[in-house]
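Below are the structure tokens for one structure; questions will follow.
Should a chain be cited, it is by its letter among A, B and C, assigned in written order, with residues numbered from 1 in that chain.
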Amino acid sequence: MKSLKSLLRWESMLGVLLVAEFAFFAAVSAHFLDVWTLSDATFNFTERALVALPLALLIIAGEIDISVAAIIALASVAMGLAASYGLDTPMLVAVGVVTGSLAGMINGALVTFGRVPSIVATIGTMTLFRGAAYAILGDRVLKNYPASFSVFGQGYAFGPVSIELCLFVVFAMGFGALLHFTRWGRCVYAIGANPIAARWSGISIDRYKFALFTVTGLFSGLAAVMLTSRLGSTRPTIAQGWELEIISMVVLGGVSVRGGQGSIVGVVLAAIILGFVNFGLGLLNVPGIAMSIVVGTLLIVAVAVPAVAQRWPMFRLDKAH
Amino acid sequence: MSAAVLSLSGIQKSFAGTRALRDAHLSLYAGEVCALVGENGAGKSTLVRVLSGLLQPDAGDIQLDGRSLRIGGVDHARELGISVVHQECMVFDNLSVAENIFVAGRPSQRRLVAWRAMHERASVILRQLDADFDPDMLAGELSVAQKHIVQIARALTTDARVMILDEPTASLSHREVSDLFRIVSKLKAAGCAVLFITHKFEEIFAIADRYAVFRDGTSVGDGQVSDVDRDTMIRLMVGRDVEQLFPKLPTTIGEELLRVERLSRAGEFEDISFSVHGGEIVGVYGLVGAGRTELAQVLFGLTRADTGNISVKGQRVSIDSPAQAVKHGLALVPEDRQQQGAILQFTIADNICLPNLQTLAPRGFLGRARESALADQWTASLQVKSRDSQQNVADLSGGNQQKVVIAKWLARNPSVLILDEPTKGIDVGAKSAVHAVTSEFAQRGNGVLMISSELPEIMGMSDRILVMRRGRLRAQFKRSEATAEGIIRAATDA
Amino acid sequence: MPERIDYLPMQPTMPPSRRRFSATAQRDTALALVTLSLFIGVTIAFPQFAQPTNLAEVLDDSALLILLALGQMLVILSRGIDLSIAANLALSGMIAALFNRSFPDVGIVAVMGIATVSGAALGAINGLLVWKLKLPPIVVTLGTMSVYRGCIYLLSHGTWINDNELSRGFLSFVQVKFLGLTSLSWIAIVASAFALAAMRHTNSGRNFYAAGDNPSAAANVGIDAGRMQFIAYTLCGAIAGLCGYLWVARFAVAYTDIALGFELQVIAACLIGGIAVAGGSGSVIGVLLGCLFIGVIRNAIPLVGISPFWQMLINGIVIVVAALLGARGRERGRVILEPDRAAP
């Protein structure tokens, strides 16, 4: 938490990257700068970015959750079952969000009460939640969602601005304010920077960690609502591999996996960058699987840059902390 | 006198701008024990790392048998016959004792590890050291003292001509120390040159033939132990007389603030009862590992007592977490300021504000101005030497880091401040600043519980002295009744 | 303060501790008993399960898991984790398949060599990033996992390589039987025996334990923990590469998504087998038992009449329970308090 100037170094680099990306796609595709094209493109990141926001806080606090995509699948299956019992839209949303929160609480309980390292705990629950989705659905597909349910993933708040995008903007501002301007946010940084000193300063770090896992689960449930509503169907493979893209957004956003560093601005920028890479390459007819090379490389580069800078100080870029 | 086996001259070593060694000289002779003394931060450990091949000096000359050489690495040092027993526990918890001893060169037969031979040779070495544990045990099951013996045994597996023991007695009981001294005598008799690093004077006079004193990374004196007395050595170490260090202010003892009754925690301490009054500084003396830190951790809610009561201002309280301890008006300045006390990546202001966020931001939202004001007020009153309160704590010297940790708790205005080794490893100036602020704090009618292994500090600062040994309270002294002999006897008598 | 203190002569202070049954051995025995009772339970309900031919099939089915878990064990022992192991397998398998399609006449040994070398190279990339740049293993291998998958697509242009495009020698190698067991099973048996011996009786094997147990202490005795991590990743990659060929030969097809998510089963086998993620602790026997445990469950599920879609859920439950039990066992107290005789 130094001066504003150094706080924004990593983020301004992301900003430059984003502008360059826009310029590139605008140059190679004539349709790119159309308002509705751009609006379409936002669907490539809004759902994942909704999860990236609380996950950023969790990673800043020094933990990790790789079960987020499995939680999305489980929540989606829960909603699908609820829909097949004829529940209406508000209830379906509640089912999705509650399922996600409960799954997050399981992660939180394993890490805080069970003292299991979060990597192991969430590798386990990732298998568990995805496995539960498979066990419940098998090779079936659930698709009898009420018509009104489609509004979350397909509806528009005003003009070309989708409901998903609106929600993302609102929550991004909320999480930004929480992390950067409140004492709770300060404690999140403290826990990540030095959990021992934080606890010895009177911060109930287990309470924070449990809450962060729960909120991450809750937002995974919310993302499941959006995604299921947009696709209109649930398979056990839904959101497969999303944990990689969500974690990539967080890490590319300048959040240190070792905890204690990062900002919401960075995560938002990284989410937009990754979303538009996805979309832009789609415009250029690059298949989805090839995207994973870009995402994987970006993830490694994002963690490697600070490490390289540390070894060779002339490349130093200050991250926010 | 015969020529030195190992001699160092003009050794320099800097880390990121701080000069750990400025001009270090040292000579070791075969069959002699040389005690290396100096305050924490004097450069002793850096010198050990240079000798063990873990660090390369920036300048200076190392001679073995009169020939200049460079110690290229850990393996090279071992080949040269330099063995090191490090201060930290360098054992592998999941490996057996025997394998720990031979980890650098396991006995092997046809390129396979010869477990039976390893076991037998380990037994022999352990018997030589009079160790009473089985070489097949996992090292993780050993006590700290036994782990040190394992490390000494490891050092003995190579033909050590130079044996370096880095504060080996720091966490040993009296009896264990005497065991260690017997081992050292054996090494000496075998013609080994021993470098014994310590800051306990009685040990120097009991075991060493020669001494060398370091201060601020520089050699400030050496010679035969028989030629010096304790006061001379202290003057060399500290650079001035000790008496002027303690600015103890007169106080009036007020009401009882903290009362501890029959507090016990399995395996750590038992049946501890005492109280701390307003205006009073209660010193807790004991060897490292006597259970003092563990007691402080229970008082601060970091661990829980099995039985016993804690009362604050006459009210029985149960303290399950540091958060609750803080609510009850307790504060703890921990022993390890870099790990437990301060968040190094945070600024001074953020560190000072951390325990005070609830008062600074009652509705949750932070105000930078309020934070800076609080931080500036306390950095000024503790004379923290820094550019401004926006500097990172990592960039401060140890003494100033400690001042920040104390400031963050004083800003919270606790009624009882627990200090665990408050001046360990900080320079003399910072030390007297810490003592001054502690004294003032007590004079304002608050209580202080000060844990320290430094006898002059305990005797200089305390109104009452508690002595702990092996998890039990052994003696209490009023300030007027306390004598060094009495305290030491209570702390060490087996 | 007295200037000299007379030190007492040595007396034994503690009763000599007896040789103890180590925690690892205890855990291995418990797991062996659980696996055995699971096996007996299934056999009582379905006697055909214990028939030699079925057991040989269970072993054949578990062979790839065993090989990969041995590689993963090395990585976890040295304080890493390899999430890219299945992607590495798939990419190396694709390379082997493409090579065989182009040069069907080149012998099987060369194909295995190519797969192994490609796997080792991919593993070495993980290892270098973790060793030289000190990057967190989970992030590195999550990244390479996705890069390697993407590379398969680039190499194969998204197509499948089917059995009719692969040479007979390529496909039949894994089915060659010797003493009733397939060559795949024999490879797993030989690898297990080798791992048992190497991890217990060679200096290099022991150094993996030392490096993962306490890296700074390892540095003090001349073992470079980072380098051991690099070697672990490279060896794990080499195994994954070889398994890539074996996998393609066994299932007679190569495409982008083979072994998708299999890394979780491999990690599950290690965690069930008692390999501690904190590094430095665990045994080859434990890993083998963990693999057998999963193998027995996987092969019993269809017999018992549970849908195979339950396999993943069961694995998840087992990992979580194993992790919880492992975390319990780790807490160890210090002993300061003196025996009561010294009370004043």
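For this structure, a couple of remarks:
Heads up, the rule we're going with is that a residue touches a chain if its C-beta (ideal position, glycine included) is under 8 Å from a C-beta of that chain, and two chains touch if they have at least 3 such contacts.
Since the model is a prediction, treat every value here as computed from it, not as a measurement.
Each chain's centre was taken as the mean of its CA atoms, and the one lying most distant from subunit A is B. In terms of C-beta pairs in contact, the better-connected of the chain pairs B-C and A-B is B-C.
Computed from the mean C-alpha positions, the centre of subunit A lies at a distance of 30 Å from the centre of subunit C.
Centre-to-centre separation of subunit B and subunit C, using mean CA positions: 41 Å.
For the pair subunit A and subunit B, the distance between C-alpha centroids works out to 44 Å. By the touch criterion given at the top, residues 300, 302, 321-323, 325-326, 332, 334, 339-347, 350, 353-355, 357-358, 360-361, 364-366, 390, 392, 408 of subunit B touch subunit A in their complex. Considering their complex, residues 1-5, 7-20, 22-24, 197, 200-203, 206, 209-210, 213-214, 216-223, 280-281, 332-338, 342-344 of subunit C touch subunit B.
Here subunit A touches subunit B in the complex through residues 1-3, 181-184, 186-187, 189-190, 193-194, 196-204, 260-261, 321, going by the rule given at the top. Interface residues of subunit C facing subunit A in the complex, by the touch rule stated above, are 81, 129, 133-136, 138-140, 142-147, 149-151, 153-154, 158, 256, 264, 267-268, 271, 277-278, 307, 309-317, 319-320, 323-324, 326-328, 330-331. Residue ranges on subunit B touching subunit C, taken from their complex, read 52, 54, 73-75, 78, 84, 86, 88-95, 99, 103-104, 106, 108, 111-113, 115, 130, 132-134, 136-138, 140-141, 143-144, 154, 174-175, 177-179, 181-182, 201-202, 205-206, 229-230, 266-270, 289-291, 294, 455, 469-472, 474, 484-485, 488, 492, 494.
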